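As written, the chains take the letters A, B and C, and residue 1 is the first residue of each chain.
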Amino acid sequence: MSRVGGLVPGNRWQWASLLVFVLVVLAVPFWTDDYWTRIFTGVAMWSALAMSWNVMGGYAGYISFGQAAFFGIGAYTTALLMQKGQDWNFFATLPVGAVLAGILAVIVGWPVLKLRGAYFAIATWAMAEAFLQIATAAGFTGGSSGLTLPINASTSFFYYAMLIPAIVTFAVCWLLLERSRFGYRVKAVRDHEPAAESIGIDTTRVKIQAFAFSAVIPGVFGGIYAYWITFINPTSVLADDITDQMVVMALVGGLGRIWGPVLGATLLYLVNRQFIASFGDTTAYIAAVGAIVALIVLFLPDGLVSLFSRGRRMALSRQLLVRLLPGRNGTTGRGGRL
Amino acid sequence: MTVLEVSDLRRSFGGIHAVQGVSFSLDEQEILGIIGPNGSGKSTLFNLLTGLVRPGSGEVRLHGRDITGWKPHRIARAGMGRTFQIPALFVNMTVQENLFAAVVEGDWKSARQRTGQVLDLMTLGDLRNELASTLSGGQQRLLEFARVLMRDPQVILLDEVTAGVHPTLRQVILDAITRLRSEGRSFLVIEHDMELVRAVCERVIVMDAGQVVAQGSFDEIAADKSVVEAYLGVPAK
Amino acid sequence: MTLFIQTMVNGLLVGGLFVTISIGFSLAFGVLDVVDFAVGEWVMLGAFAGVASTAWFGIDPIAFLPVVFVFFALLGWLLSPLIYRVRTSHYARPALMALAFTFGIATLARGSMLTAVGFDPRTVDIGVMNGTVTIGSLHIPALRLLGFVFAAVATALFMLFLYRTRTGLAARAVAQDKEYAGLMGVNVKRVSSLVYALYAGLTAMAGVLIGAIYSITAQDGPLYTLLAFFVVVLGGLGSIGGALVAGLLLGILQALVTVYVSADYTLAVVFGVLFLVLVISPRGLLRRGLA
């Protein structure tokens, strides 16, 4: 329908290559070794996580720094339910974590989403930090020592356990955001909230719905992740870095576009793994991420995805030229409330 | 028949009394002009009527219903539409998508058909797949007006809708207003262009410093000393 | 009872530093219209500069303060035009992008410091001040007293600048209404850079003292950013008087929680209060801020 929507295959060749791509992706454990299967598992997970952030940040225009809290809720829910004594089935734990995350989103979102975007960012961040602290201090979460889950050594099991939900997430996001009324509502809120209200859109409700949706996704993947890495503690599932990663991946890939987060996640996850391989830890990676974000904002605000569309490439070169020329002084161009 | 009734509307921001006791009524098929110097409270009045700002006190009735204090989206769904002083388009959407978005809380099934009609009326048909951000200033105002039309509101508030618009496009807007009026709609129009006000508005309200200083036909208020004072800030001779 | 008063006083004294940070932060927001996610990093970097002053240069951190101020003010001066440009861009979602930009800078600072100095905590060594001052039955750490004195002086000077100089007037005008200020001939971009530079320098100096009272790690930036947010939200975004009251309140709150509950729960309490304030009174406790 619209050229602004996701990249939908237009002709036979594109459909064919998409099909091949899907087949290749589905067969990963069969044509590569355990190491790379694990890498792709990570890519699948982060693609979905970045997508979840993108729902709020890219489509609704509200930056959330609290995604880690939802991820952590999912992780701890699955971990606790799979402890000896509870022995839940892994798959049954996932909806529980998802629902809990969604509920938290509604509780926190309802008062905070009525305010400016900056408050939302601050409040969600504070929420995530609070959860981190509580999980570290509280007893039932195992405190800073964490929790151990039943072991499952199958790499391919986890690959599909991450991949299928990731594909489903992608499909649902695409349908909801690019092919439904909800997508219009959310984008209207992002582009001009007062105008959205003036055409009858209940912006607060739309924002809460988007936030709840963006919380449910990490709620699910947190649970899968916990089972995958077998051992979790507050730092591994509730730290800032988790949210930061999602933010960067979505930004680099392209906000408000359906393929953006996937691209960003793939690229940055591989870079991340490379840093670990080369330096042993991720401190340098963090610095690199910060620099990348700053540069993207300055020179490629629509992300990598924008390089794939000729119209945008031209608009981009135009903008770059304008930017590099001496700026005009004193222009306010408020450009929307923060 | 009165479609909109405003009684003693007041709103202050800190020490600034933006709107002080404004009262007027709007009849069916009437085009009411609102004029006054900058800062006289006209846009604030619009924000109060459309629910973007809560009134400190006073009452607003739409088709007899008390809508004072209603949320903006509720008022919009009750049949009031508005444009903004600075065009409030969805800049990351195309022209067509802007119009689709307008009926997302309404008659979605007929969106496509309605969009075609409105685009034709506003002569924007060729631009339907262009991003709203690439439109010229005048085209943006047309698009905003078009978006308002999509919901088929009974009462339409226009905030300087022809400001900076090329004469040809201006005519499109004026023609649309007259045609819509004859179909039963009512307009509240903030304007600085006196020619337009004289040509189109049956009645005019003059605001200054948050208050209504004069009401009447254009000729009546043009002759009114307090109006001249309001604009020039000096006593009229 | 003495413990209670002691705690209150300790908290109040540290609160002074929070005030200094938050006032600059609040004004920077008013002028640039951007919530600077890097505020905590300025604190962290300042603290490490304080560590470096003894470790590398053998200079007393107090004597080093002016150097810290100038260095970080300069950094802020260089950074501000970029923030300004992003914020006033007519291109893509300027408000969101500006937030992302400061977030990127903050992450860059944090990552760089982590790579450079690792995770270990360090303390700023103001040797001469390691004692306690006794007033009545209260034992006040000299460091906290020093911190408070510094904060009081710095804040007073800053207020003087704002209310008694022409540039300060211009800054306040820009914070109130950029468009009109610009129309009246104020160089909005230049004023923004100046304000941001002052704020960065001030915050870094406060960081030196915070690094002396508490220890500092390269990861502490986000903590102080959160605390600065807390103050500003409690006091009302954009309100200087509010930042004053809220800064002191935060100091007290944090001291009370550490002593009577547990240091582990300070953030949880801070968030709880923050959340409550946002729900009940989004324009701050004094209702002076912008909603």
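Convention: a contact is a pair of C-beta atoms (placed from the backbone, for glycine too) under 8 Å apart; a residue touches a chain by one contact, two chains touch by 3 or more.
Predicted model, so just to flag it, every value in this text is computed and none were measured.
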Pairwise touch network: line, ring, star, complete, or other: line
Most distant chain from chain B, judged by the mean position of its C-alpha atoms: C
Centre-most chain [mean C-alpha coordinates]: A
Euclidean distance of C-alpha centroids - chain A vs chain B, Å: 40
Chain centre separation (chain A, chain C; CA means) in Å: 30
Euclidean distance of C-alpha centroids - chain B vs chain C, Å: 44
Touching two or more other chains - residue numbers and ranges from chain B: 92
In chain A, residues with contacts to at least two other chains: 190
In chain C, residues with contacts to at least two other chains: 92
Chain B to chain A touching residues, read off their complex: 50-52, 71-73, 76-77, 81-82, 84, 88-94, 96-97, 100-102, 104-106, 108, 129, 131, 147-148, 150-151
List of chain A residues in touch with chain B within their complex: 2-4, 181, 184-185, 187-188, 190-192, 194-203, 256
Touch list for chain A against partner chain C, complex: 57, 61, 63, 108, 111-112, 114-119, 121-123, 125-127, 129-130, 132-134, 136-137, 190, 240, 244, 247, 251, 255, 283-298, 301-302, 319, 323, 327, 329-338
Contact set on chain C toward chain A in their complex: 33-35, 81-82, 85-101, 103-112, 114-115, 118, 178-179, 182, 186-189, 222-223, 226, 229-230, 233, 237, 262, 264-268, 270-272, 274-275, 278-279, 282, 290-291
